[in-house]
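Below: one structure, written as structure tokens.
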Amino acid sequence: MEQVEKMPETEIAEQKSKSLWVHAFYQLISDPFAKVSFIIVALYALVAILSGFDIIAGNWDVQFGEGYSAPSWQHIFGTDLFGRSVFLKTVKGTEVAMSVGLVTAIISMIIGVTLGATAGYFGGKVDEFIVWFYTTVTSIPYIMLLVAITFILGKGLIAVYLALGLSSWVNLCRLIRGEVIRHKDREYVHAASAIGANEFTKLFKHIVPNVLHIVIINFSLQFQVAIKSEVILSYLGLGVQGRPSWGTMINDAKQELAQGVWWQLAAATLAMFVVVLSLNILGDALRDALDPKLKGKK
Amino acid sequence: MNDEQKILEVKDLVVEFNTDRGKITAVNGVNFEVYRGKSLGIVGESGSGKSVSALAIMGLIPNPPGRVKSGIIKYHGENLLDKSVDEMRKIRGNKIAMIFQEPMTSLNPVFTVGNQIEEVLKLHQPELSKQERLVKGVEMLSLVGIPSPEKRYKEYPHQLSGGMRQRVMIAMALACKPDILIADEPTTALDVTIQAQILELMNKLQKDLGMGIIMITHDLGVVAETCDDVAVMYCGKIVERSDVKSIFNNPKHPYTKGLIESIPSFDSTSGVARDRLPTIEGMVPSLFDLPSGCSFQDRCEYSSDECRGKNGSPTLTKISDGHKVSCFNPLQ
Amino acid sequence: MVAGDPTQLLLGKHATAKQMLELKRELGLDRPFFIQYLDIVKSAFTFDFGRSWSTKQEIIEMIKIGAMPSLTVSIPAFILSTIVSIAVSLLVSFFRGSKLDRFMVFTCVAMMSISSLAYILFAQKFLAYELGLFEISGYESGFPYFLPYVLLPVLIWVVLNLGPDVRFYRTIILDEIYQDYVRTARAKGLSEKMILFKHVLKNAMIPIITYVVIQIPFLILGALLIESFFGIPGLGGITLNAINSSDFPVIRAMTVLSAVAYIIFSVITDVLYTLVDPRVRLK
């Protein structure tokens, strides 16, 4: 009897997943929008890092002169109440934005994937509990959830990270759970024999390629939702202290607009607009490239 | 074949598709005819172009990315490819109908069976009253052998089995008494016993209603059951064409012979007692990467330099009455 | 502002530890969380939410008064945005792949890339103040007096939801368009318009209805931000004030209210699902 190395099905599945990634890569490369968006996001990330190490925008809190001076050649975006350069503040604010996006997306991903996979894989009471849990979380309006969490955690950047991360994992959890359940059924139909570790690794091998694209797409989505939500937190007074963030800048505009000062709002909104739009486009391109169902259709 | 009985003629049909990896010619110069009351089987593996040819007749080639590059599809003396979108809509479902492979998903899940049959009648026979449509619809269901048709009429697709859904599809297709029925792998997704029933049904309906049938399939067993003529397709071209008896008893193209030999059989009617099921070696070449010369050369045990050469691919030539083959070294 | 011992906040900076402890006992904040939870559940059923700490009003009265203004903004906004979003998605799906489609998708995405706060501030400053097209803020109850005050809030709500809604509906509709039954419908000779409006729409309605109905419970609270900025004395504004002043009973009440509403509408959605999708009819 011949020794069968791999079940042909596994091979086909692996081939499919390999070709999916390769196909996705080529599709992304060929899409000009995706390329530009990626470059923009990378640029923002670079700015955030440089700013974080004070290589640029280190002098953001220097009071250059008159408060509330309009945009000019000296200060492209004018100055704020204390005469600080709005442009430099915007650049410095990139740190908060990108870090909030990244950390929140990571937290949300870890919780969502863990709970979703656990619920899907184990089923039964575990599943019921997790489903009950996330249904409860969803029933609370987003803003109130944010408030509740920051109330417990206090203020500050870490609290912002956690608050945003803890309130945004449900969607991913649902999706992962669905996929795990779907694949789990399929596996139990096909695999009549082996139990235990063998089954688990097979399950893992099949699920991961199908689920990874959901995770990636969700990641890019959470990233930009977090950036926008930081603004809301600032409005509620729960935002970042001690350093500029686009959220606090937009929030400050509340009073400023009444005095005809529009440039802080404009600068922060513009900076956010460009990066969030790019993340959106990138996320869409990733989805189109990675979703196996969408292959060949637009 | 009596020309008066000819209802459809496809001449030099070429259909292209634009994909991100390049342009492929799914159908590359195909010719066939359909006669009243007779069934033409188009046989081939996936990618042979058989479904695309059918879609071209129906005017259902998705554009983009596909388009009919050239050719003539003659129906009632007119070229269907010249017709406008609206004109084709009047023909589709009415004069030329098509049924597909997946009965499970080909019916709309949120409308009743009756509603979907009536839709075809409402569209093409607007002079009928609601009551008349209902009567006709139930009639069609009973014609295709569905028991308790009045009850089934009000049911939803998910309440019916696969075999019954396919019968419903046939009922919908034949409701307006078309001249031609195109069946694209109608039984592939069904159990073997149900398969036999459906094919039997189609044969009977053809006898009663007299339409021409184009049966698209990869299964030679189906061809043997239902077809009068056969066209074998490979990589977008017809490699052999004849009546069904000649194809089975006297195949001239190595591919056809390979297909016939790979039908599992217990008796040795093909004259060969065998322990192992013969298969055609190799795989169908990708349409992006067809070899120059005959497309079948890499899998053919009779291929010669001529097949691989610069003479291009062989053309369909007459071997005997009603039997054409496209091969540089046809079997004797 | 928000983080801090509630009793300290109530009593002020000079409260002693003893005073705080006493107040805690009075308010029941020293009881185990479990008991507090039961209390919340009880209040959900009896609608007795207690009194607000800041305004000392009975919360149930506050809710009654605040509900109307919230609804005068959220209901028209909801209806309008749903109709517009579905209409736009149908249009865009019909012309899928075309320049119009791509332009609309891009526009939706771009609109989603601007913070809601920015929209509100911009609208207030430029459309209301500078151009004087709308009322800046404020409210007058009673029909039709509230109309000029809700116009801009409703408009902003629609604009805020257009992007994500159209993207969602478009995805749903396109998913259906690529189904096999659409191919069958084409083979029958149906026009693309018929296919979209009869076959596709009815199937797409199933997930769309779920999506739409589940938004309803959140209408009750109204858009917290919009109410706050436009001075609409609705439940959202009340909630936000309560958050700002750490008014726990109110926050708790609002949370319970929205949770209960969510549960009710989840059930409604499930029931609706069985009505609309013949595959899941309750036997």
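The first chain written gets the first letter, and so on, giving A, B and C; residue counts start at 1 in each chain.
Methods note: a contact is a pair of C-beta atoms (placed from the backbone, for glycine too) under 8 Å apart; a residue touches a chain by one contact, two chains touch by 3 or more.
Fair warning: this is a prediction, and the values are worked out from it, not measured in the lab.
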Whose C-alpha centre lies nearest the centre of all protein C-alpha atoms?
-> A
Sort the other chains by how far their Cα centres are from that of chain A and give me the top one.
-> B
Given the two chain pairs B-C and A-C, which is bridged by the higher number of C-beta pairs in contact?
-> A-C
CA centroids of chain A and chain B: separation to the nearest Å works out as 49
With chain centres taken as the means of their Cα atoms, state the distance from chain B to chain C in Å.
-> 53
Find the geometric centre of each of chain A and chain C from their Cα atoms only, then give the gap between the two centres in Å, rounded to an integer.
-> 23
Mind pulling the residue numbers of chain C that touch at least two other chains?
-> 97
Can you check the complex and tell me which residues of chain B touch chain C?
-> 58, 60, 64, 89-94, 97-100, 102, 105-111, 119-120, 123-124, 156, 158, 169, 172-173
Show which residues of chain A lie in contact with chain C when the two form their complex.
-> 135-136, 138-141, 143-144, 147-148, 150-151, 153-155, 224, 228, 231-232, 235-238, 247, 250-251, 253-254, 257, 262, 265, 268-269, 272-273, 276-277, 280-281, 284, 297-298
Chain C residues touching chain B in their complex are 97, 179-181, 183-191, 199, 202-203, 206, 276-279
In the complex with chain A, residue positions of chain C that touch it | 1-3, 96-97, 109-110, 112-118, 121-122, 124-125, 174, 178, 217-218, 221, 224-225, 239-240, 243-244, 251, 254-255, 258-259, 262-263, 266
